[in-house]
């Protein structure tokens, strides 16, 4: 029962806590909106993404601690610009990757990148 | 009636001798062997209370999962096991045994008897209940708990859709438990028919006793349907029969008919004794007897009978001919009349009496409010067209919690506070009790009222998750918050009982001024209950000077003896001797446990060994004493 | 005439007349037999429900309508077996323990004959169908088997009473257990008639 | 009102009357319910509209009317018991409900209730088709 | 009183809920009326008891007299007489509405077969050969549609709260119900009878369309028009046919003719994946194909480890199946 109580408390805290501040590498990015986009686009059906509901897919690599990763897909150094490029068109970075091109707009990619890079 | 030599002995000496004869050793053996109905009753209450706690924790986990859309506290399988165990345990392992506990502790006292008619059968019933409960709950900790819902519809629970032991635990566990319930029911019936104090004719029996007897008769007729259904399902699953398999000529609706032929009477099996508790509590706090006694008896009897003719209202959406549904609809709607009689009888009691507000009365008032709200939605479900739309939604979850929590748990808690002096000799704290009432009442309505709304909004029951954006989120969050408030309230109830037992003030004799015979005994009662068997002259013997004064002066009935009286008018018939404590009931229950475990694990030699052991124990238990020489010569 | 009878029977004292009181054991056994009877009623109801929901042909598929010879002989053995019990019970009421012993022994022999006949019946039937063949097979063996179990329990109880009486129990005053065992046996006996009708006779209607 | 004297034969039959007044309606209603429900469900399930040549709706009416009449008879008996008893109670000192009187009252209420349930079921026979279209 | 207010606000606050109080079907609308009739009676009944109780608690604590007289008339009138009249009225109205539910407004103009599976809905239009879809039903507005309900496995229950009360799908039985939508829109339905692990994710959508739109859709469903595929989409089709997809799924006009899983002929235009388990878009679909068990644990589809480079092609092909 204690664990159940703790879970509810955690849920309440999570719902009320202030949104994360955007990382410096993605100027103008909105991490909160990025998290919502990740849920809507279905990223979670392949990746587990901390802080995104129902995101525990085991198809692609887990995205926890993404802000501390060195490379993206083993191809690009991990920074804001590269991440946005990868999100918008993975095939151009790594032809033959299983990650599909989801037709993400520039603004959306910026917000998603902003969220992922807050995952320290 | 008694021997003349007893009259020569002064009363004090006779009572002291009685004390000596009924004293129980403080030993481990005596603890296991006792047949005292008060101790067994307390055990029922404590055990059923513990199961209530476990099933309540299940419920909290379920509510935590549903607090938000897409919750991931539990996996789907865990959720399904938890809601199945929650329902099964609350119905079978909490409600009925809890009320049987009250019956055990109180019926002999209310009747002015010294024990149940079959004290050893009573002990046996408790042990079987305990073991069945342990089997079922241990399955939960092993992750093989039943997961087919508490009404376990086939074909989902039959092969090939339910592999594993989960449903075997359900079928065997419930059949095993049924042994206990049946034994208890027969015992209550015989006790109430044969052991009423002289003068307590049918028109003077306490309403609680009427309720317990009506319930017991219902058990005798309803439980076989469940046992048969479970046995057939077990045969289907284990030995390849086809009762519920349409491909080989079986029928899936058969399960639903059999289950609900038991299931709907069972709702009243739970509610009726609770209503009896209410009728027992009210007189003490209204300073008058329950109004319209014959009508309340009428209501008790007719509810017990009509409840057998409403089962198909659980099947209104199965596509049966609507005409055949309507016969059940008619009964389901008009069964409200006897329930209404009781409600207005209680209201009249309060209106015509002088009210003393104490914790038990608060719970009674909370009960009436909640039960009436559950009752009006119950009428709605009796209407076929509405039922087809709303059944299997959260509205139904709300409805039956209003009826079962409102109708049974409120009276149970009220009864606990009311009879704590009889059960333990202690008084519970009034302040703590009022806080508990406030939290339980508020938490209950906060939990379950929103479920009406989520149900009307189209939320089906038994879903482990739901999508956001359908208007269900706020009501579910409210329900979850309410469930935690409710849990705190229930913890306060437990706390106040524990505190009372540990360091509460010793209760005065008859602290509330109740009207039935348990208050005419000492508080708490002695092992023999009454030194002299009471004489009853009216409906309220504990308010009757004639009964009370004769209790002080009548000759003491010596030894382990009880007085049988006639069935209808309670005229004295003859004295019988009561059995002493014995380990055999425990051994018989253990042997049966071996049978059940053998069947469960499919180790059939073990099951057969258990059957042999059971026969050996029972033969020894019932072996008639050899005739004394005098008797042999007389023969 | 009927008017007079009606008036006599509805006089207050007539309405209030109370039958002779029974013992706790009697009520306990009657309660137990009641719930057992409900159990058999449920099983036989199940038979008819499945039979009529199934429709024609019944019994389904390759199972033939059951032959009546053996079950009628079984009935002829089991039904009269209640008479020696009655005779024995009346005997012990007069203190005649020899009648108790003889009567019980006769009943036990008849019950054992019934069970042996049932075993024979099963041997023929099992060659034709088993409880997994189809739903008729399941019903047939479940219902008759459950009844056979009751006969066995009844025999156990009667043997137990017989053994106790051989050891010197029971007298004209103390013989309640004999009466209780008798109630159970009569019940087992009567239920067979319902089963005979349901499982065998009704298939030929 | 003069007291009615009873005979030994009357005392044997009296309880039977008394109990018919209490449980007659309950038994009749049970028979009505089981018969009407089972015949309707099973006949429709088999895709037929007759039972042994008799139209199903006629069977339904029999299953309603006969139990209703039995219940009405039980109601009449319990009313009579109740009247006799309250007359006798007026002559007694305590004027309370005797055991028979209470059972008479219980029978009165129960039979009235069962009669209403049977009649309500009869209303359904009037309105609804015996089998779903 | 709070209860009343909350309930009153329901119709307004419901938003996009599949609410039984925001109905669009003839059957559900009748029950909605029945609900409000019973609701107001219930409010009065509960208030009556509350007022009497309140009066008792307030007045009878001060008044020290105990009225000994028996309260038979009180209980007789308030506990028997009044309830009896009300209950008979409610029963009568209920009988009238039940009679309406079993008699559809006009003769059926269209039949649909709905087959329950663990845990999705197979939908067939038997009058139009080959018209099969899953987890969605399209019907023309203002027509009576006969629905034939059967189950392939365990018991389910077909419930579209805004259109029609529920009817169970029972093994070994054929049940029937009907739909008659009075306005255009989409209406959510669910399985209402607990059917095992993924009972929660067994939803469907009923789309009510103007008749011409519906007829065109049905025609295309039965015989999908030829599609112009891009290079990538053609590659995806090859992947689909090479992988084992066709063993369980059907796409009409291709070699895929399996019947174990849902028909995928129109997967591109479906409202969801896994009967409501996830939205139907490229991202979710990709994850679903490779590992369906993480989106809907326990469903019957095994993981499909298609070669990584093929996945984008496959997705672009599936998108064209509309």
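As written, the chain order gives the labels A, B, C, D and E, with residue 1 at the start of each chain.
Convention: contacts are C-beta pairs under 8 Å (C-beta built on N, C-alpha and C of every residue); 3 or more make two chains touch, one makes a residue touch a chain.
Computed from a prediction, not measured in an experiment: that's the story for all the values here.
Considering the contact criterion stated above, the chains in touch with chain A and with chain B alike are E. Listed by label, the chains that touch chain D and also chain E are B. Ranked by how far their CA centres sit from the centre of chain E, the chains are topped by C. Nearest to the global CA centroid, when each chain is reduced to the mean of its CA atoms, is chain B. The geometric centre of chain A is 74 Å away from that of chain C, both derived from CA atoms. Centres computed as Cα averages put chain B at a distance of 32 Å from chain C.
Per-chain Cα centroids separate chain A from chain D by 73 Å.
Rounded to whole angstrom units, the spacing between the C-alpha centres of chain B and chain E is 38. Under the contact definition stated at the top, the residues of chain D that touch 2 or more other chains are 98-99, 116, 120, 123-124, 128-129, 132. Multi-chain contact residues of chain E, defined as those touching 2 or more other chains: 84, 91, 95, 98-99, 102, 176. Annotation for chain A: residues 54, 56 touch two or more other chains. Shown are all chain pairs that touch, namely A-B, A-E, B-C, B-D, B-E, C-D, D-E. Put simply, chain D touches chain E in their complex at residues 116, 120, 123-124, 127-129, 132-133.
Looking at the complex, you find that chain C touches chain D at residues 5, 7-19, 49, 52-53, 55.
Across the interface of their complex, chain C is touched by residues 3-7, 9-18, 38, 42, 45-46, 80-81, 84-85, 87-88, 98-100, 104 of chain D. Only residues 40-46, 54, 56-59, 91, 95-103 of chain A touch chain E when the two sit together in their complex.
Chain contact summary for the complex, chain B toward chain A: residues 57, 60-61, 64, 67-68, 70, 72-73, 480, 484, 487.
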